[in-house]
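The structure under discussion appears below in the form of C-alpha cells.
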Amino acid sequence: MSDKELTQRSAWETVLASLKKRSLWMLHYCTGCGAVELPPTMTSRFDMERFGIMPMVTPRQADILLITGYLSVKTLKRVILIYEQMQAPKYVVGFGSCTINGGMYWNSYATMKSLDRYLPVELYLAGCMPRPEAIISGFNSLIDRIDRGEANSWKDYYENYEFYRKNQEHTFGDIETHRSIADDAQYYGFVEVTK
Amino acid sequence: MNSGIGLIVWIIAYPFVSFFLGVLLGGYGRKLTARVQRRVGPTWIQPLFDVIKLMTKQTNISHGYMHDVAMMMLVGGTLMTMYFVPVPGFHYFSQFGDYIVVMYLLLVPPLGMALGVGQTANPNGSIGISRALQMLAGYEITLVMTFIGFAMKHGTTSMYELMKLQQAGGPATWGIFAEPLLGIAALFALQGMLNEKPFEVIIAPHEIATGPMTEMGGKYLGMMFIQHLIALPMELTIFMNLFLGGAQSWVEYVVKLFVLFTLVLVVNAVYGRFKTDGALRFFWKLPLPLAALGVVMIMANGM
Amino acid sequence: MSGTYTVPTGRPEAARGEKRSASAIVAAIAELGGESGFAVKAPRRVEGRVEAAALHGFAAALRMRVGFEHLSAISCVDWLADGEFELVYHFWSYRDNCLVSAHVRIPRDTATMATLTDLWQPASFFERDIHEMFGVEFLGNEDLEKYILTDWKGPPPMRKDFVSRDFAHDHFTYKNYEPSWDEMIDGGYYSGGQNGGQA
Amino acid sequence: MSDIVTINDGKAIMPGANAPENREYNMFIGPNHPGIEGNFALKLSIEGDIIQKAKTEAGFLHRGFEKLMEERLFIQNIAIVCRICVPDPDPNEENYARAIEAIGGIEVPRRAQFIRVLVLELSRIASHLFTFGGHAGTIGLYTMPNWSISDRDRVLDLFEELTGGRVYHIFNMPGGVRRDLPDGFKNRVRDVMDYVESRLSEYDDLFFNNKILLNRAVGTGILPVDKAIAWGATGPNLRAAGFAHDVRKDDPYEVYEELEFDVPTAADSDAYSRLIVRRREIAESIRIVRQVLDKIPEGPVWNKQPNPLKWRVPAGDAYVRTESSKGEYAYYMVSDGGVRPYRVHVRGASVTHGVHILENMLAGARIEDASQIMFSLDACPPEVDR
Amino acid sequence: MAIDKIGSILRPFTALKNLAEKPDTLDVPRHYRPAAERYRGFHVNDLDKCIGCGTCAEICDNAAIRMVPVKGKEVGVGKTQYRPAIDYGRCCWCGLCVDVCTTNSLSMTREYTHISPDTDTFFILPDEKGIHEKDFPQGWHADEKINFLDLERVTMQELSAAERGDSFIEIVKGFSKEQAVKEASRCVSCGLCTATCPAHMNIPEYIDAIWKEDATEAGRQMYKTNPLPDVCGRICTHKCETACSLGQRGDPVSIRWLKRYAMDQIPASELNTLVNQSVVKQGGKKIAIVGGGPAGLSAAYYLVLMGYGVTLYEKYPKAGGMMRYGMPEYRLPYESIDKDIDFILSLGVELKTNVTVGKDIPVEKLRDEYDAVIMATGFHGGRSTRVPGTDHPMVFQAVDLLARITNGDEFPVEKDIVVIGGGNVAMDIARSLARMQKKKYGTVSLIVTSLETRDIMPADDEEIVEGEEEGIVFHPGRGPEEIIVENGSITGLKTSRCIRVFNDQKMFAPEFDKNDIEVYAAAQVIEAIGQGPEFDVFAPFAESLEMAGRRVKVDQFFQSSLPWLFIAGDIIKGPDAITGIETGHQAALGVDFWLGKQPDDTLSTIDEVLKIALGFQREQVTQLEAVLAAGSLAPAVEAETSKLLASEKADLAAVEALLAGRNTRIHLRQEMPRAVRRRDFKYLEAQKPIPAESASATIKAITEHASAGFRLYTDILFLTKSKELEFSLDGLRDHQKATAERFASLKD
C-alpha cells in the first residue's frame, strides 16, 4: 500500500509480520477449473507446506481465499459470503484470466467478469490455469507483500464497502449477508459504513 | 527444584517448556509425515508460526459467552493436567494428585470443547464432539484398564511412584517389557488419545469438515492449537511414565518423547481412518481384551 | 430418491441374446409397427423420426421388446426458423452395440413432451436440463425444479433467441486497462468508458 | 442467528431445526467442503448418522459451454471444449473433433489416430491417479494423494512436452492433431510408463491392500448390476458391477480395434471394486500406450482443413461416444452448414453418476461414507454443470 | 495381481522406506523449472516482421487481442502500423493466434509466471522480449508441417499455348463455382489489400460474399468504388495481391480472378438492380468529360449518380480508351468492356464518339457550355527510343499498333520482329504480333529485348512465362543501339548489354557495356518503352495552366490551376486502369465539392462516426439546454450546468468543423486499411450483434450508452489523427466522467 503505512509500522509489527508470513492457510475450495493445479501444488512434487501454506477446510480458519479461475454467479454469491466470514487479515488471490477480465468466458451469461468489482483482490496470477510453479511463486509473492506490510487489500472491503455492495447488488439483486459489515468495519477500526 | 524459588520458576516456566516441546514435536511430526509422503515438509517450528499467526488474527466472531469460556476451559484444563504429570526435575504436584486425578482432569478439555462447539451450533462441530465422546469410550477405558493393572501390580496409583519404581528396576521392569499386553494395549490407546490415524475420527476433514474446529477461527483456533501442542508432550509423558520408565534426565526425556512419537507417527502416516464405530469396535475387540487379559494375568500372578 | 419413480430396475428379456446387425435392428423397429422411417446412418448408428405423441410408446417398446437398455442422452435442438424444438433420444443397446437416435419435433411455443422417467431414471436429469435450458415441459416428470440455474432469472439460455454476448454485456462490466505501454502507440491507449472493454 | 460456515443458499440449518421429536436434521456438504469432488453440493437429510435422503446441487461451475460453442467458430471451440471436464479433458477434444469429422466426412491420418489414442490413454492414467488421491483422502490416508498426484505430474510433463499444455492440451483438431511427436518422445513415454507401473506395486502395498481401506471400502456403496444398468451407470462404475461394457471395445473409435487390451471388471460393485477396476485400467492403459508406441506408423498428422476463419462444416448431425476415465462421454453435434456449430450437446459421463446414482446410493448410507461414495463414483461436477 | 481382498496390516509400512530416500519435491521457485520446448507461455512478437494484418485478433476466441497503432511502424504495401496487444485477462493460451499468424512473427515463450496486484500489467503489447523483458527460450511456435492457412492458390485454368497461340480468344478460362468458393475461402479478411488498392475497393467484403456464394452482394461491394469491375477483373494490375497477407508465406489470394468470377455471374441486365441507385437529376449543372477511358468513365459514373448531367467526349469510335485500344483481346474481351460501359451509359451519360476535343470542338466551348470539365485524355502517345533508324516506316509504336488491332486496321506483320520494352504493353504487343505471325506464317519469330534483366522486368511474371510458351524469345538486359537499315529495309536491331538501369539514387540512368554487342535479325521493330500524354488539348491554356514536371499540377481535389478544369487518369497518376478509376472517382468528388454539393453516395465509416458524434453532441447540448430552461435547479448546479453546456457547445463546434472539412473523408479512406477500421469498431459488434441492415445501425445503438460516446471520440481521434481538435484525451476522459455524474445528479 502507501508509503505512509509502511513507515507507520512499529518494530513490533515488522517482527510480527515476518513471523505471520510463515504461516498461511488457504481455503480448500475449488471455485473453478484452476483448482485442478492445487492438488499438485499441495502434494509432494511441489509441496507448498514448505512455505507454511496449508489447505484449510472452513473460511474461519483460512487466510487466503483462492479464486481458482472463473466464478459462476452462483458460486460468486457463496464466495462473497465466505469472504465475509473469514477473519482479517485475509487475502484474495485471483487465478488466471477469468478473474481479471472474464477470460475465455467473456461472453458467457453465467460467469462474472472482473473479480475486483466484488472483492478486493490482493494478487493476480497469469495463466489459464497457472502452473504449480506459478502458484508457488504467487504465494511467495504474497508472503513478500505481507512481510513488507503491503498486503492490505482486505481493508478496502471495509473502507469502500459501498462500492462492492453496489456491484454485488447489480449482479445478484439483493444479497443476504450473514454478517453485519458495518459492525465488522467498526471492529476492525474503520469508519462506520452504513449498510 | 520441587520447592522454594525453583518451584515457582518451574510453575511459571513449565507451560512454556511444554509448549516449546509441543512445537518441536508437532513440527517433527509434520516433517516426518512429509518425508513418508516423499516431500520436504515445513520447518521444524512451523506450529509456532501457526500459533502466532492465529493469535494475531483479528478475531471478531464469537458465538457467545460459552464459546469464550469453553476456550478457557480447554487450555486451563490442559494446563492443570500438565502440572500433575511428573517430568524429570518436576514432580511437585504429582504428590498431591495421582493418576486418577490426571485421568479425571483429562476429561476437562474435551468437555470444554464440547461446550464451546455446542454453542457454535454447527452440525459438523456437534458430530465431531459426539465422536470425541464416543472415542473416549474406546481409548479411555483401555487406558484406565492398563493403569488398573499397573496399580494393582505395584500397589500405588501415584504416577511418580510408578515411574520411580521402574527407574529403579531398570529397563526390564519398564511396563512395556514387564507387562507387554498392557503396554501394547496402551500404545493403541495412546494413538487414540493423540487423535492420530487410524483413530482420527474427530477432525476428519473429508467427513465433517474438521468437526469441532469448523467454527473456530483466529484466536479460538489458536487456543485449540496451543492446547493441542501442550497436550501432545503431556499425553506422551503419561505413557512414558507408565510404560517406559519415565525419564531421569531431560536428554533421556526428550529422546524417549521423540522415539515414542515416531512410533505414533509412522502408524498415522500409512493408515487411513476408521469409521467411528469401526474404531470403537477395534478398541473393544483388540486393545481392551488385551488390557483385560493383562490385568487378569497380574491378578493371577498376585494371587 | 429411489422411491420417486417406479423405474424398472430389472433387465428386459430382449436385452439378452445374440448380437444383431444394425439393419436387423431397423427391421426389428419396423416390426414394432408405426415406425418405418428408421434407417442405418453409419456403422452402429440407426436414426429415424418419431411423432411426438408416439415417442413414449416407441421408447417403451424399444426397451422392452427390442432390448435397448441404456438411454445415452436426450438432446434438444432449437430450430428457431422452423418454430420447432427437436428432441433427439439416443438409446444404446448393450446386446447389439448399436445406437438408435429417435428425432422428435415439437412446436416451440407450446413445448411439451411426455416424460421417459418411468422407463429410464437417467431421463430425469436430461429432461430437467432441457426444461431449464430450453423451457420444454415434460409431462409426468415430477422433478423439474431448477437445478443448475437456481439463481437465474432470465429466459431459458439455450434458446436461439437468447444471445449470451448481449446478456454478458448488459449485466457485467469489463476491465478498463491503462497499460504501461500507452505512450508506445499513436494517440495513446484508452480502453474506453464504463462499457468499453475489449472485444 | 449467528452465522456458521457451512454455506448453501445462504442459509444454515441447525440440528433439530425440524420438529423437536424428529431426530432428522439437514446438513449441507459443499460446495466448500473437502469431501466433495470439485465445486458441488449435497443436501443431506440425516437421522443419527444415517442419511435418509440426499439431493445433489450443481450449477456452481456452470459456464454455458453449449451456448458459448454456438457463438464461436468451429476452430475456436477446440480451445474451450477441454474445459468441460478438468481432470480428464481429452475425451472432450476427441469427441468434438470426431463429431466434426463424422459430419464433414473428414479423414484422419493413421498416425494422428495413434497419437490420439496415446493422448486419451495418458489422460485416463492421469485421471485415475488423481482419483486415487481423492479417494484415499476421503479415508484420511494422505500419503496416497501425495504419491499418486505427484506421479500424475509425470504424465502431465509428457503432455506438456507433446501438446504445450499441462492440463489443457488443445491438441486434437478436426482432421488430426496439432503437432507431431517431438524427437525422443517415445522413449520418454516408455520411461514414464515403466515408472508408473513400478509405482503401482507400491500403491498396492500402501493403499489397495491397506487393511483400513478394506475396512472402509468393502461393502460400502453397493450398486447392483441391474440397478447400475437401469440408472445409467457407465464406465468403470458399470464394469465394477461385473458388466463388461467399454465404448472402446463396443463402439470402437480411432484405432482401438487394432490394439489389444482387456476390460477389467469386478463383481461386488462396492467402493472397493470401483477402485480396483480403475487400478487395473491403469495397467491396461499402460499396455495400450506401449502398443501405440510400437505400432505407430510414420506419416502426416493432420489433414489440411480450410482456412479456419472461413471453415464451414456441411449440414448434418452426429452422436459420438468416447470412453473417458469416468465413463461414457458423448457429444451430439448439429451443423447447419455454417461456420459455427448449430448445437453441441455435451453428455458428460457424470450426469448419471454424479446426480441420480449418487442420490440413490447415499440414501441409507452412513454420513462418514458420503464422501467416499462420491469419490468412488468419480463424479466430475464440471461435466454435470458444463 | 498383487491385490488380494484380505488386506494387510504390515504392507503399508513399506512406505517408510521413503524416510531414507530423497523427497520428490522440486525446489521451485528458487530454481526456475524450464517448461517444455512447446510450452505455450507468454507471447512474443517480432514487431518488424509483423505486418499488422490482425488475423490473430480474428481467430482469438476470447477477444483477447486488440490491434493498436504502434508509433514508428511504417505503413506501406501490405503493412499497417497496427500490432497485436494481448489481454491476459482474456487469453487462454491456446496458441491459435500463433498457428494462424500470416508472417510467423507471433510465437510464445516458455515463460509462465506473471504475478501482480495491478491488472493493467496483464494487458501487454508483446515485442521480441516478452512480458518481463527477459530472455526465455522460444516455446510454442509455428510448425512447418501444420499450416492453418491455405497457402496455395487454386490454379486458374488457362488455354494451353497451342490452343491460344494463333487466336485472340481469352486465355484465362475463369473459375468454376467450386474453385471460386475455395479460393475465396483462403482469404483472412485482413483488408491490407483495400489499403493498397488505388481505388480502395471493399475486397474482403466481396470475397466474403463470393465465399457465401452471393455474387450479387459481391458486385454491390465492387460498384461502391469501382464502376468497371468487369474490366478490372481481367486486366487490373492487382497491386492488392502484392499486399495480401497470405503472400507473406504463400500465394496471395487471386483477388483479380475472384472479381472476374463474381462479375461473370451477374448478367448485364441485372447490373442496375445490383447497384440500386436512384439517380436524382439535379438539372442545371453539367459536366463535360474528355476521354472515355477508365478515368473518364469512372468520373462519369459517380457524377451521374450524384445527379449531374454528364457528357463524355471520345475521339475513337467507341468508349473505353486504353482498355479497348491498348489491351489485346485475349486478355480483355470486348464484351466485357461493352458490358461495363453500356451499364454506365445506361445511367444517363451522354457519349459523343469520334470527337477529338481541341480539334473537332474547342476546349473553350466546353468551358463555356459546362460547369466543369474533367480532362482524362490518357497516355496515347508512344515514346521512342530515338536510336538511329527509328524513323523507318517499319518501326512502330506499340500503342498505335494495339489500337489498329482493335479497330481491325490492316498493317504489315513481318516474319521476324523485335519488340523493345519490358513492360506489360511490350508483352501485349509482342504476344498479339506473335499470334498474327502464327496465323500468317505458321511460326513465331519474335524477340523481346528490354533494359531490365529478367528479375526486374516490370511486366507481370505470368505474361513473360506465357509469352515464352507462345514462342517469344526474350533477351532481357539489353539496350538498343541502332536499328540496322539496309537497302531501305530493316535487317536487325543492334543491342548492347545493359549494366544497370537505375543509378544509386534510383533514378533512371542506364549504363551500357558497348563491347557486348548482339544483333537480332528483324524486319520490323516495335517500340514499347512507355507512353506519354499528348498535351495538344491544353495548348490554348499553355500559359495559365501550371505544370508539375511532365504532368499537370492538381490539388487534392484534382482541380488544376484553372478552377473549371479537373484532371483525372493517366495524365496525373498511373498509368494503369485501376488508378484511372480512382482518380476519376476523386475528380468527380472534387467537382462535386467545388460545385458546392455534399456528396452522400458512399459514406465511409468515418463519416458515419462523425455524424453520430455530431448527433450525440447535439443531443447533449439539447438536453442541457432543456434542463437549464426548466429553471428548477439550485444555483450551484445551474452554474455547473452552464459551464458544462459551454464546453459541450465547443465540442459540438469541433465536431462540426471536422465534418465540414469533407476532404478528410477522401484522404482518410486512403490512409486507413479497411480491416483495421473494422476492427476498431469490433468493440461495437461485441456489445450488440450486428443487425442485418447496416453497420451504422449498430453504431447508432451504441450511442444510446452515454459512456460509449466517449469511446466514439477516442476513435475519431484515432481515425482522424487530428491533433488540432481542441479536446485532449485526458481532458475528455475526465470531462466525460464528470458529465455522466452530473447528469445523474441532475435527474434527481
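Per-chain residue numbering starts at 1, and chain names A, B, C, D and E are given in the order in which the chains are listed.
What we mean here is this: a contact is a pair of C-beta atoms (placed from the backbone, for glycine too) under 8 Å apart; a residue touches a chain by one contact, two chains touch by 3 or more.
Not measured: the values here are computed from a predicted model.
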| item | value |
| --- | --- |
| Those chains which touch subunit E and also touch subunit D | A, B, C |
| Chain pair with more C-beta contacts, A-D versus A-C | A-D |
| Centroid comparison with subunit E (C-alpha atoms), farthest chain | B |
| Cα-centroid distance, subunit A relative to subunit B, in whole angstrom | 36 |
| Separation of mean Cα positions, subunit D and subunit C [Å, integer] | 20 |
| Centroid distance [mean C-alpha coordinates] between subunit E and subunit A, Å | 52 |
| Gap in Å, rounded to a whole number, between the CA centres of subunit E and subunit C | 48 |
| Touching two or more other chains - residues of subunit B | 34, 36-41, 61, 205, 209, 214-215, 269-271 |
| Contacts with two or more other chains, residues of subunit A listed in rising order | 28, 43-45, 47, 50, 57-60, 74, 77, 85, 100-102, 104, 106-110, 114, 128, 131 |
| For subunit E, residues contacting two or more additional chains | 12, 15, 23-25, 35, 61, 63-64, 87, 89-90, 92-93, 119, 122, 686 |
| Pairwise chain contacts under the document criterion | A-B, A-C, A-D, A-E, B-D, B-E, C-D, C-E, D-E |
| Parts of subunit D lying in touch with subunit B, wherever the complex brings them together | 1-6, 12-15, 25, 27, 33-35, 49, 136-143, 146-147, 150, 206, 210-213, 215-216, 366-372 |
| Residues of subunit A that touch subunit C when the two form their complex | 73-74, 77, 100-102, 106-110, 112-114, 117, 167, 170-173 |
| Complex contact set, residues of subunit B against subunit E | 32, 34-41, 266, 269-271 |
| Subunit C - residues contacting subunit A, complex | 149-154, 157, 162, 164-165, 167-168, 171-175, 197-198 |
| Touching residues on subunit A, where the partner in the complex is subunit E | 44-47, 50, 97, 100-104, 106-107, 114, 116, 121-128, 130-134, 136-138, 140-141, 145, 153 |
